[in-house]
Amino acid sequence: MSEEVPVLVLSGITKTFGNVIANNAVTLEVRRGEIVGLLGENGAGKTTLMNVLFGLYRADEGTILVEGKQIHVTSTADAISLGIGMVQQHSHAVERHTVLDNLLLGLPGSNGLLDKTSALQRLKEIGDAYGLRLDPARPVHTLAVGERQRLDIIRALFRRARVLILDEPTSVLTPQEVEGLFSALRALKADGVGIIFISHKLNEVRAITDRVVVMRRGEVVAGVDNDDTVTNLSLATMMCGHEPERVVRVPHQIGDPRLVARGIELDSHGSQSPLPINLTIHSGEILGIAGVSGNGQVALAEAIAGVKLPRHGSVSIDGVSIDNPSPAVMQKAGLAFIPEDRIGAGFVGPMALKDNMVLSRFSDAPFSRKGWINWKNILDFANMQIAEYDIRPPDPRMPVGLMSGGNQQKAIVARELAFEPRVLIIAQPTRGLDVSAIAFVHRSLMRLRDSGCAIMLISDDLDEIFQLSDRVAVMYENSVVWETPIETATVSTVGLAMNGSLPTQDAAA
Amino acid sequence: MRLVARTRKTSRVREAMLPVAAVLASLVICGLLILIAGANPISAFGIMVSAAFGGKFALTETLARSAPLILAGLAALVALRTRFWNIGGEGQILAGAMASAWIGALPNLPAPLLIPCMIVGAALAGAALAALPATLKLKLGVDEVVSTLMLNFIVMYVMMALLSGPWKDPLTGWTDSPDILPAAEFPTFWRGTRLHLGVLIAFGAVVVIGVMLSRTTFGLSMKIVGENPKAAKHAGLNVARVTLFAALVSGALAGLAGAGEVGGTQFQVIASISSGYGYAGIVVAMLARLSPAGVIPAALFLAALTTGADEMSRQTSVPFFIADAMQGISLIAVLVAMTLSRYEIKFDSFERASRS
Amino acid sequence: MNIIDIGFFAAAVRLAIPLLLGTLSELTSERSGTLNLGIEGMMLAGALAGFSTAAATGSLWLGVLAAIATGAAIGAIMAVLVLILRLDQTVTGLGVSMTATGLVFYSYRLAFTETGTPPSITPFSTIAIPYLSEIPFLGPVFFNQYALTYIAYLMVPALAFFLYRTPAGLALRSVGENPQAAAAAGVNPIRVRFLALLFAGALAGLAGAYLNLAAFGSFTFGIVAGRGWICLALVVLGRWNPFACAAAALLFGAVDAFQLRLQTSGSVDLPYQLFLALPYAATLVAMIFNGRRTAGPAALMQPYDAERR
């Protein structure tokens, strides 16, 4: 092999946020026409590293070389002009503007004017070359998630990116869309574009990449060529630092129906209007809700928890139907809801931990009487929870926003479990957590299940669903399309259902 | 240069020192302004201090002037804590003033009822005026910054139209409303001073609001809604009700400021009955760092500025308007100080590091 | 006396121009995502800078330049406060207006004491545009005005062209809608918003200068008298569109001229103050009708923090 100069070299990149080290002396190389998989658990520092490369964050230390020349990326404009393109996890486009305007944004134009003619020409070229097509006149807010991602890729190609970063690109796509993306990536690779493919999905990384770089806790821990020796297990072991622990579900007692949701109709999504959703979760049972993110899981959780009422539908708990559901009413009925966006919806970031521990309960005894708050009882309660769940730092006056993600999750789990819920809805319970925090959350959920709580577990992570659930329900376009005991489900049948095609008896068998 | 969020709790002492530092910074800037005017800043500030605090008359006058500022400051504080951007304090004060002047001149009302009715009427008028933008925000999503600001001018011009038309003082023919009845004048509780019932109400309101915010579930609800409405909703709070309640309390407090000026100081509505108290209230609330106890020193500071600047402009070449400038400068200074307590300014070292 | 005559319409245009300039100023900053409550102070500072420079140098155009520079300087201060330090736009804007007002009155009093007579300037005279000014009605109303008026006319299509046809205009509108998206496309949101505030300040300063260098010929404490706040309202009425904003400014220039005539004629028994309240009331009504389908920039009043996680 000739000693070709790599198209991109990152070396010694260090980035800290306050006292959290997100990247510690990270080194990464990408050659022309190479697809590098950047693998790691949530919070391993992959996204931070890419944001540094793209000029969104500034590194504390380190150098970046593009085609052998050292560069200083201080803004996204620098990165773009150096041929670096980025497709972020969540699309960043101006909703109200058209596809064309979003493509033109940031381009220099010709003679000081927006150059629509040549933009349309280029859009057609990209469509012909890579099969990436979009109607330039459509406003972005009418695009589906997959189409928005296509817009982001086209935008990077518009600027003739030589390095393309894709951050968890498949998490918003169905398997078919993933295949379409992969064929576009192969075409790009053939044209000599270097691609960084960030993911924590092992199968996809193995399917598309030439080389895999694994990050853990802000550091690069391994870099291997993607050949026959690489297996899911070997990659997972590198990601976690040890062979991943498989919690084996032990058979256990499942009781009477606790949460019964009947005829819940969510807003329409995509072409078809969604089917009414009927769900029953029994005492001591975990129902896993699987699905590609954005297929109504959040809406279903919010509908049952009374946060955002559905168009139709009713909910009952332990046989008592709830008449005017609202978050307060559902809490009174024994339902706890831990939303995905913990700091945004579960906590008040600038407020002290102790106040956050009673966020939904401070109006009740013993935390207040007749509208008068008993601060001492609140403090005692918070201290008790801090001790029991080992929340750090053990300071009840610490603003929650300054705590680590793992401790925030511990605190919210502690808070909701303290009131012994009969039903728990928990969304993405381990997203962004490190291994030990994940184990803690999983253990807590198991314990709660054993105590008879009915748990609805929403997760994008199929492994997590299979690890914990007794039954699995799959959501697609705001409907539940398939529901089955976990014993009769496989990753491939669930995957098919996530794609909207019902698994046949043959496939399920 | 960029801001980086601090990751550690800031100490309480440091927090308490922020407004002090801001006031000091604005004093330095004003010292420069006084120098430009050709006066000695030290002696000019000396004049201000003695005019504001030296002796019974000065002190009580400053206290009396602080009353509307305290109430307007509390009004702003309650609203801002709940993130209801009520900058309509000025209009709500005028509404309160008009309501109390109208009630105070009603000949058929029994004399002992006059003053209570004026107070309640003013509070209701202020609350009603705040209820409108709050309802528009909650029902229609109308931004309250612009709507409350617009209402200030609408109320002001309606008041001017009344004063030059139906309400014109029949005796003098000036654009003032008729005097309120003698029985409607707020009693003073210290003979020979202007310390009237309105001052007492203002200080009482500090205690009431302070207790409400720190000891009741209402206060905690308002804080939660203000800091994170989404989390408030998830926690089962009724965000709309809490916001409306905060708006009503805010408007009522501003209305009370109007009642105090009519009942205790002017005894009628004049065109300059408020002269910017509503906006000054925002300065007071920010200087107080949204804490009720802080409202008193903050209001006293602004009141002393005006009494002091009055005297300074008489004795030196320094124009009175220094008080207006200083009010704005101290507001900006305290905002900067608050930001610097939550963030630190970082200068980038990346280029240096990567060149090495 | 007949209140509505050709002179009335000419006066309406004359009074509409400062509103027009101020509205375009506010529109520019709001389209970039910054609510500029400092506009009232910027206009007042521009008025004093323009007046005192013109009085000192004898050159009206130097006065105009000084007003523009002063407005832009305050815009820069506002930009540092709300963009770099990320202070709250509402409270900071009020603070900037308060401070500017206080400083303007302070320095005016220092320069021209109460007892002395303030210097007088000879304001701009009108220029009749050949041919155009001879069109019946439209000629005397629109084309026998000050040079600054003609500049203001040109500003409307120029700003619209800039916003909708140039890359920089697209960047400005995008930053006001979604700064994260603009950053991802290589636009620096802070830089764009900074420049927008500089330009907004300059226009506001020009609006202030127009008031005393063209419309009134003198400086008084009440020269701006809330016109900055009206511009805030007119942007809402004009739904953030330059042409609609210009029409709104013209309409309320006419309302202003009408109430002035009412005041001076004294013959009609209509409280002129109610006409002064009209722009504010109309804005409130417009906001009610716009309702949730608000036409405003999506990221208005949202600070941009690149490293927010």
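The letters A, B and C name the chains in turn, as written, and every chain counts its residues from 1.
By our rule, a residue touches a chain if its C-beta (ideal position, glycine included) is under 8 Å from a C-beta of that chain, and two chains touch if they have at least 3 such contacts.
A quick note: this is a predicted structure, and the numbers were derived from the prediction, not measured.
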| item | value |
| --- | --- |
| Chain-level touch network, classified as line, ring, star, complete or other | complete |
| Chain whose mean Cα position lies farthest from subunit B | A |
| Subunit B-subunit C separation of Cα centroids, rounded to whole Å | 28 |
| Geometric centre distance via CA averages, subunit C-subunit A, whole Å | 46 |
| Whole-Å separation of chain centres (CA-atom averages), subunit A against subunit B | 46 |
| Set of subunit A residues in contact with two or more other chains | 17 |
| Multi-partner residues of subunit C (at least 2 other chains) | 306-307 |
| Junction residues of subunit B, two or more chains touched | 4 |
| Interfacial residue positions of subunit A with respect to subunit B in the complex | 17-20, 58-64, 70, 72, 74, 305, 307, 326-331, 337, 339, 341, 344-351, 355, 359-360, 362-363, 368, 371-373, 395, 397-399, 402 |
| Residues of subunit C that touch subunit B when the two form their complex | 35, 37, 81, 84-88, 90-92, 94-103, 105-106, 109-110, 226, 229, 232-233, 236, 271, 273-274, 276-277, 280-281, 283-284, 287-288, 290-292, 294, 296, 301, 305-307 |
| For the subunit B and subunit A complex, residues of the former touching the latter | 4-9, 215-220, 223-224, 227-228, 230-238, 348-351, 353-354 |
| Subunit A contact footprint on subunit C (complex, rising order) | 165-167, 170-171, 173-174, 177-178, 180-188, 298, 306-307, 309 |
| Interface residues, subunit A side, partner subunit C - complex | 17, 56-57, 75-77, 79-81, 86, 88, 92-97, 101-102, 104-109, 112-114, 152, 155, 159 |
